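The structures considered in this document are given below.
Two complexes follow with chain A in common, the first pairing it with chain B and the second with chain C.
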Partner chain A sequence: MKRVLITPASAPYWLLSPFLILFAVFGLFPLLFSLVLAFSRWEPTSGLGAMEWVGIGNFVFALQDEWFWKSLFNTLWLGVASALPQHLVAIPLACALNGMLQRSRNLLVGVYFMPYITSTVAIAILFSSLFSTDYGLINAAIGALRELPLLSAILPASAIDWLNDPDRLKPAIATVVFWRFVGFNAVLYLAALQTIPRDLYEAATMDGASRWQQFRYITLPGLRAMMLFGITLSIIGSLQLFEEPFILTNGRGGNDQAGMTSAVYLYRLAFDFNDFGAASAMSWLLFALLAMATVATHRAFGEGRKL
Partner chain B sequence: MSLSRHTMTPLGARLLVGLGAVLMILPFYVMFVFATHSRTEIFAVPPPLWFGNDLLANFAILTERIPFWRNLGWSLYVALISTALTLLFCSMGGYAFAMFEFRFKKPLFGLVLGTMLLPSFMSMIPSFMIMDLLGWIDQPRALYLPGAASAFGIFLMRQYVSSAVPRELIEAARMDGCSEMGIYARIVLPLLKPALGTLGLIAFIGSWNNFVGPLIVMRTPENFTLPLALRLLQNPVDTEWGALIAGAAIATVPLIALFALASRQLIAGLTAGAVK
Partner chain C sequence: MDAKRRAGLGLALAAGLGLWTRSNGGTPPRRLTVAAYPKLDAIVKAALPAWKARHPGVEVEVISREMNDHHTAMITALSTGSHLPDLMALEVGYVGRFSQGRGLLDLRQSPLDGEKLRSRFVPYTWEQAHNHRGELVALPSDIGPGTLLYRHDILQKAGLTEADLTRSWASFLQAGQQIRARTGAYLLAHARDMKDILIRTGVQPGEGLYFSRDNRVLVRSPRFVRAFEMARAVRRAGLDARVYNWSSDWTEGFRRGTIATQMIGAWLAGFLGSWLAPQTRGLWRAAQLPEGAYAAYGGSFYALPAKADPANRILAWDLMQHLTLNRKLLLDAFQAHDIFPALVDTFDDPFFDEPLPFLGGQPARRVWRDAARKITAVAVHRQDGFADEVINTELDKVLLRDKDIGAALADAERLLKLRANR
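Up next, the complex of A and B:
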């Protein structure tokens, strides 16, 4: 008779163990480690034995660190400037796609979604050439548009130094982020639109509701749950923005640190300046902020509020 | 599908959506055009809008400045192993979460899902320290093992097992004396093929595009994955733009190919968390 090694009762543990072991070592343990680190001082060259408990010292340092606040401001600025347009464009875009024939809809969804799966590094490298001051394609396009009579008044007269001028760097980064995520959001909204019963629109048409009224009273309420989800994803994504600013500023944060997001600052603090403890403390401060922002979003979109 | 006259998108809006689609594609087009031009041509006025003849020259610079073939091979190696492990471990775990009852099942699954909400910067620094502790700095396993503990993969697999694997089938196989691992390998796994395809694509693309992971744990350029190696060419003073963009284009080709083959499956998988 065959010896039964794995019984139905023990099978789930066997099945789960490879995943759970990896998850514990590379998912949970780093978080606990990071918490301990946030209260410690550590020099990476001197081994773990040299870890020294400093209490809330790192948090005090973080809250007094001018660069921490600057990077947080940059992160929030970029988050608002890229996420808000993403959703404002994605919702009408999803509505337009929803009213198209399946064939053209699928093709267009694919096109809009493609930037989302592309290597951020490859794209950021391309955009750093496009944003080049003297000969970059973007300034060349602006220059060409300036030749048109109406646009000449509103477009700047000289080439814009996108990546070196601190005031221009953030819009440049936000543009790349917008380009990458607008299609992803449109796909989310498109999926939500398809769950709204068609009868509602038919009934509204019968009652003589205008297109705008239908959008206002059927479409928007139907999208509310997805807006909550999409905006939550955007908040989480914005707060960890790293690759676009990192590549566009050569890993340094740009002139006047205008492109240094919190994630880039954490990286630099740990790996360029070797202050792992302070960087960990900051990551927990940012996480607390993120949690609060998520709760606030849920409140704003939750019960009792009509869109 | 037929659309009534009223719900049909008006022509103006359709034109606008089409124009937007051109703007979405344009950077890809420019990337491939620039990949075939020299540095001076890329920054000529007006810039090149059609393919040139310098692809091979750019490629020569690329292979001279960075260990390009090794970087490309390394990217592929890490991505393939990471994908295989993710598929194996997540299908096993997802099956366990979907079909078995055991202690702490609910809180454990909640914990796994909860980590999906944690921003990546939370683990950036401790991950480096753990790899340092394990002596895995500069080792490819420091890239593919953490990647295989994919919370999203577990979630996707559990959802799919719940909908695609009938409990009666498992019971029947058990009655017939099939071992537990036999049930997983011979009955569950074949039923999971579509979901394995989707998760495989997502895992491969995730690993291929991973930048922060290699940035933190890899030290010698020979062990860099392609995105990280490209950064070596990025230099504030003297950037070989033609070669750099050619490298970026090469790093993008596999993704476009995969997307062309399975865009609908991929979109469905990547938005699975949102769309119920």
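Up next, the complex of A and C:
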């Protein structure tokens, strides 16, 4: 019996089956269920039998919903404000790390990578405390800097309400996201830098190329594949940004929904406002946007193009 | 419970058990599941010994989750029809959402006949237990009658009396200015508190806070205009500390005495005394809200899922009545957890007349009891949670960016109209 079931031809499928079963249950089924929900009106407390087909009604509602557009704007704002500096800082940081001695480099890589592997909840709680208006360290530091003669004119005279003022909330969230992922990106770029042959730099030095020219014509082209990977990850991560804004705003998106990203809004729409149909429709719209952004990134980094 | 009620209950229980045993080969149910959230879970556990004495051999499992997790788990259980508890607790803010569908059992149906219990509960919470179809979907357990908690010492320092605070909303604001000038304390934590109470004042029969029973959006009504105007007046006069409820600055404000009053449910007095600001013991007092306003803040219910095991239904109903109609249990819960009972039968207990040391010896439970009797019912709508946020957002725009009140309410109305029938 055993021989009949597990043959050399079927063995790979048996070995793959745990993953396939788990994927079907936790990946494929929710995906398909969400697709059905996107075209349905559903009162979840009435049970699965209460689903009612409404065609594209949920998509029409989503496109008319001001809060959906607002959340999309927040998502894009936070994506640009947190992801762009991540890469702009991570590349020179990786170059600096690459030039260091192995021992100190490893130590710094560990330090930079730490925020990425630390629990988001712990990070957000820590930053909530740091951003506190009256008792937070950040406002205390600003207050101390204000005592300096030149800075007193630039810095605000009163404590900043980072987490309640809609104009301050987005920069606060972007700071946390930047802080969390800049080290991760630096490690990615460091790995890519180590694959660039040293000979190229030696030859360039002998030809009299300046450091900037070496960076421009050797380092950046050498990093192109990793930049595509890193930026694609950032785009996906930005459009799915949830944990940091969710925790920093106590799950509500903040005043004037200034910190409500699309992912937070989808969650709230489904679980706080019981509108699973609209939430599913919006999640598919977000998926389409994500796919388009990823394709555009790949095209921007396509073969034959020069940086 | 009088003899008649006890006999009726016994008959219903016997009939239910009889029906069940006929359809299940004679083995009675031995296990009930109750899903609850903190504090109510403790009350359920405390209630079990007495209940189990009447039902020997029946095991009761209490599943406890944090408030939001509990309600999310209950939505999942109702939507899938699996892992349903026999009895579930519901916080008042969720009752509207849960009662729109068909997931909760209509307790009016025979042999439960829950409607006959009407006279035993505070009227407004009894109304909250009904959905828009008129079905009774839950039994109330506790309520949060709203009152004004104020710092007696700050009032004295400012040369004011309680009457100065409560006579009218105008006198409330005048008193606030005097408090600010003479003591430096803020009248309120946030101008939003003023809006929250005023939109609850003057709700017409058949209306909810934000929607009418026929889904009309009500946010441009005079009570919203007045609420926004008063909140703006509070902000312009610099009378609010600009801190939100449950923030660390809010609790710190209570500890340091920078917030002079708070309009909120009766339960806050207990929270202040036990963990929010115990060092302010003796300094607080409770009064009715200004200008004879009455409002409810919070409350809990128990409901029976319609698709839960029908074999356990009568037992679960019996346990539900035990949890909501047992005078001693509810008074013990009031004493231990500051949970104000929804059962009117408890209101004549001498416990209500006892002085509260945290409130300087004031018998404040009488104040809360009077408020509970006078609060009027407000119909709940499934979009109330969303509407609450829309209104808060627009109020913030008025307070922070000086947006015109008419324009703010019109914008809120436009957003809510899109949602009213979803």
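FYI, the second predicted complex is superposed on the first by the 301 of 307 C-alpha atoms of A that agree within 3 Å, B and C clash if a C-alpha of one lies under 4 Å from a C-alpha of the other, contacts with A are read in each partner's own complex, and residues count from 1 in each chain.
Criterion: a contact is a pair of C-beta atoms (placed from the backbone, for glycine too) under 8 Å apart; a residue touches a chain by one contact, two chains touch by 3 or more.
All of these numbers come straight from a predicted model, not from anything done at the bench.
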So in the superposed three-chain picture, is A:E66 touching just chain B, just chain C, both, or none of them (first/second/both/neither)?
second
*asked:* Tell me the contact category for A:P115 with respect to chain B and chain C: first, second, both or neither.
replied: first
Which partner does A:F271 contact after superposing on A: first (chain B), second (chain C), both, neither?
both
Scan A:D256 for contacts with chain B and chain C and give back first, second, both or neither. second
Max touched-residue count on chain A (chain B vs chain C) belongs to chain B
* Classify the contacts of A:R146 with the two partner chains as first (chain B alone), second (chain C alone), both, or neither. => neither
| A:Y135 contacts which: chain B (first), chain C (second), both, neither? | both
Chain B and chain C footprints on chain A meet at residues 44, 48, 132, 134-135, 251, 271
In the complex, chain A touches chain C at residues 41-48, 50, 61, 64-67, 132-135, 161, 164-166, 251-252, 255-257, 271-275, 278
Per the touch rule, the chain C residues reaching chain A in their complex are 68, 72, 75-76, 78-81, 97-98, 100-104, 242, 244, 248-249, 252, 307, 382-383, 385-386, 389, 392-393, 396-397, 400, 415, 418, 422
Per the touch rule above, chain B residues touching chain A in the complex are 1, 3-4, 6-9, 13-14, 16-18, 20-21, 23-25, 27-28, 30-31, 34, 42-47, 88-90, 92-93, 95-97, 100-102, 105, 108, 111-112, 115, 117-130, 132-133, 145-146, 148-149, 151, 154, 174, 179-181, 184, 205, 208-209, 211-212, 215-216, 227-228, 230-231, 234, 236, 241, 244-245, 248-249, 251-252, 255-256, 259, 263-264, 266-267, 270-271, 274-275
Note: in the complex, chain A contacts chain B through residues 2, 4-8, 11-16, 18-20, 22-23, 25-31, 33-34, 37, 44, 48, 92-93, 95-102, 106, 108-123, 125-130, 132, 134-137, 140, 179, 183-184, 187-188, 191-192, 198, 201-202, 205, 226, 229-230, 233, 236, 239-240, 242-243, 247, 250-251, 262-263, 266-267, 270-271, 276, 279-280, 283-284, 286-287, 290, 294
